[in-house]
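We call the chains A, B and C, going by the order they appear; numbering starts again at 1 in every chain.
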Amino acid sequence: MESDIATEMAAVRPERVVLAPGIDVARRVTGAAATVVVLLVGLLLAFIAWNGIALFRHSGVPILEVFAPVWQPDPTSGETTYGLLPFILGTLGVVSVAAALAAPLSLGLALFMAEVAPPWARRVMQPAMEVFVGIPSVVYGWLGLTVLVPFLAANGKWAGFTSGFSWFAGSLVLALMILPTVSSVAYDSFRAVPPDLRTASLALGTTRWQTIRHLLLPASGAGIVTAIVLGMMRAAGEALAVQMVIGNRPLIPRSLFQPVTTLTAQITLDMGNTVAGETWNEALWTMGLVLVTMSFAAVVLVRLLTRRAGPR
Amino acid sequence: MSYAPTIPASAESLAPTKIRVRDLRISYDTRVAVRDVNLDVPEHAVTAFIGPSGCGKSTILRCFDRMNDLIPGASVHGSIVLDGEEINAPGVQPVELRRKVGLVFQKPNPFPMSIYENVAYGPRRHGVSSRAALDEVVETSLRRAAIWDEVKDEYRRKNALSLSGGQQQRLCIARMLATGPEVILMDEPCSALDPIATLRIEQLITELKTQYTILIVTHNMQQAARVSDRTAFFTLGDDRAGYLVEEGPTRMIFTDPANRLTEDYVAGRFG
Amino acid sequence: MRRVLLADQLATAVLWSIAGSVILILIAIIAHFLLAALPDFTPSFLIADPSTDVIGGVGPVLWNSVYVLALTMLVTVPLGVLGAVFMAEYAGTGRLIDLIRFSQELIGSVPSIVVGLFGFAVFVAATGWGFTALAGALALTVFNLPLMTRLAEQAMRAVPDDERSASFALGATKWQTIRHVVLPIAIPGLVTGVILTAGRVFGEAAALLFTAGLATPGRLNFANLNLLDPRSPWSPFHTATTLSVYLWRINSEGTGPVVDQVANLTAAVLIVAVLIFNLGSRALGQLLQRRITGTRS
């Protein structure tokens, strides 16, 4: 009887087990797939950098001219100046005001989700925030164009709005778009504060708000800054929604209530009107290079912040 | 102070009652976790809660400063009277109660800030803002928690998280003392500590009881025998709800308990 | 003490009202477009050709969106899932995985308009294809690959190690374990990841302006099945203006009596698509979860 089973077992055993090292094909294939992104970064960086310096290398524009305050790229209307300062300052200005508008709301929302919301409210908020992120930026732009801009034009005369197309309109639309990003990153950093610290604080006879204000916010400082930087990064890269409401005037930004422009908006507008090899076109690539430099700097900043926040 | 596992004689004398518990029942949603607890906790003495895991002793302890309010679905019935006042009465603010009743946790949980700021945290929140007053309360509390000598040179700068586990726990006790409590609840305060750190905390408990009413939950029977004046033994009923089997002077509970279950437990026959 | 309690109540009220207003803003946005579009909506809008004088439709544009989406996912999903297998199961710790993560973060940070520039230089100009659906899909792959990989990696990391140990203990190889244990359990997470990525692809416009093109699409001839003919809607080489690009285009260049209505309708279609993608991914994820883990809630 026993030997029968042994024979049967031997029959179903598929083959001899080999204990020998071989080439792990799966490891190689998946490794290659994972490394694609490294190649893409390298390729992208090379292309943007190479095309971005064509303005200096090919057209001989002095590097420092980039920091000039005047943008006059059209050779048919006189002396050209490829000053990118209006765009750089425009981007920084629009993004900063957007962050200032979005930060209080986003942090409040993150605190609500992390500390206050009962389970049912969290179940409502989470999908809602996903929808918020998911709405395409052109839709936000179209909303800004058809609702916000006319509203500002009609009701903002006293503040100095003329057409409604303005720095402020751009910042407001961006603030709305980055709100979910900032609040979700801030939420994660609030959740990362160990729950027993909250309990310890409450056991000392403090209120929930005191615990938030004096324990939670200081403890997640680096996370909050990270959230805002990531939000600003997203805002700086946003093109179409901003372009639709900002007025696109390539001047050094002076008033919140007047049209300005950004790097992304100008690329969006001019790319189709220029031809490769033209100096004007090369200046657009230089704008792209500036944008990539800015966003890479933000990534490095976030890395430093997370490292600081990491080991508690 | 020499240290030996003695059973203090003071336990038998009748101190005034600090906390009076009547027909306490605690449930989570529909499940009853603790039932039928009647207990008088004497002032300026150490009362130990012992019993097998899951018998609800920590749950009861946390009721005394209403930390169970923070657990969704938890509800408390019956009466807990502290200094003649019902703590679950509608007018009582948990925030005020928790200043009067301090809690020390199982795991040391200092805030990620300096030692000074840890201790000053409570007083600051309760409206103490003058530098001198804060300095004083911080120093007094650190002294009372027997950690002052170890940290006095750098307590303003040093991050509390760089302290050892035992030091962190004493810091947490200092932090709690700084809010001026009358009752101290300790929820297995030594379970995360090594024997030497445990000894320090036990010494501290004995020192503190002259000024505070202390309740301590412990798994460690020797600890209960060493530090407490009275001991309450809880266990799990057949209905999976915890209840108080008996309570009395520690010496009596450990040498001549009234109930068979207590005898078995302290003799190490179950739990 | 009174003051402290009052501050607490006030803060709680403020936090609730922030959450409430954010929800209200979201509802207002959605309702605005749905209400604006409702009077002019007919089902034929989804299939008819665009027109300048009357409200036509977005048929070809919608087709292009779906087509570009499918093409993008065809590249992104296998590449992303394979990459995620490496990240979650093989890479462990070390230089390579750090480099890959850093690269993912960098690519994720590049503005989509810059990805568009890159796509234009590589897939449009260098290849000589011109503006094509394929160029658009490849550009979209560039910045959605990191997202897909990360979501898939999370799904695989969520599989408990016990499952792997059990499989190894039965003598299964690493790849057999991944193939027959890890991936099946990770399916609900993977599906959610795929749909979320798809939603992002569907709404993207900036990266497509200079890659898939923004020409006004004419009538599509579905009978033309020649995959290499740029005039065939089935071909990856046809110029593919998508819904989002179309919305941008008609408001920046469009004139005519019905521009606003058409734009509102297009925006409404986009919003409904977003709702379907997001809520659909949740529902499907939960459904699959229940299938795989038995009918526990």
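Keep this in mind: a contact is a pair of C-beta atoms (placed from the backbone, for glycine too) under 8 Å apart; a residue touches a chain by one contact, two chains touch by 3 or more.
All values reported here derive from a predicted model rather than from experimental measurement.
Undergrad: Chain contact topology under the given definition, line, ring, star, complete or other?
TA: Topology of the interface graph: complete, with all chain pairs in contact.
Undergrad: Would you mind telling me which chain pair, A-B or B-C, is linked by more contacting C-beta pairs?
TA: More contacting C-beta pairs are found at A-B.
Undergrad: So what's the Cα centroid distance for subunit A and subunit C, whole Å?
TA: Roughly 16 Å, centre to centre.
Undergrad: So, what's the distance in Å between the C-alpha centres of subunit B and subunit A?
TA: 49
Undergrad: If you average the CA atoms of subunit B and of subunit C, how many Å lie between those two points?
TA: Each chain reduced to its C-alpha mean, subunit B and subunit C end up 54 Å apart.
Undergrad: For subunit B, jot down the residues that touch at least 2 other chains.
TA: Residue numbers touching two or more other chains: 95-96, 125-126.
Undergrad: In subunit C, which residues are in touch with two or more of the other chains?
TA: Residues 4-5.
Undergrad: Multi-chain contacts in subunit A: which residues touch at least two other chains?
TA: 207, 210
Undergrad: Give the list of subunit B residues in touch with subunit A in this complex.
TA: Touching subunit A: residues 65, 67, 70, 72, 95-100, 102-103, 105, 107, 109, 111-113, 121-122, 124-126, 161, 172, 175-176, 179 of subunit B.
Undergrad: Over in the complex, which subunit C residues touch subunit A? Could you list them?
TA: Touching subunit A from subunit C are residues 4-5, 7-8, 10-12, 14-16, 18-19, 22-23, 25-26, 29-30, 32-33, 78-80, 82-87, 89-91, 96, 99-100, 102-107, 109-115, 117-118, 120-122, 125, 142, 145-146, 149, 171, 174-175, 178, 196, 199-200, 202-206, 209-210, 214, 244-245, 247-248, 251-252, 260, 263-264, 267, 270-271, 274-275, 277-279, 282.
Undergrad: Contact residues on subunit C for subunit B in the complex?
TA: 1, 4-5
Undergrad: If you look only at subunit A, which of its residues touch subunit C in the complex?
TA: 17, 24-27, 29-31, 33-38, 40-41, 43-44, 47-48, 51, 105, 108-109, 111-113, 115-117, 121, 124-125, 127-128, 130-132, 134-139, 141-143, 145-147, 176, 179, 207-210, 212-213, 233, 236-240, 244, 264, 267-268, 271-272, 276, 284-285, 288, 291-292, 295-296, 298-299, 302-303
Undergrad: What part of subunit B is in contact with subunit C in the complex they form?
TA: 93, 95-96, 125-127
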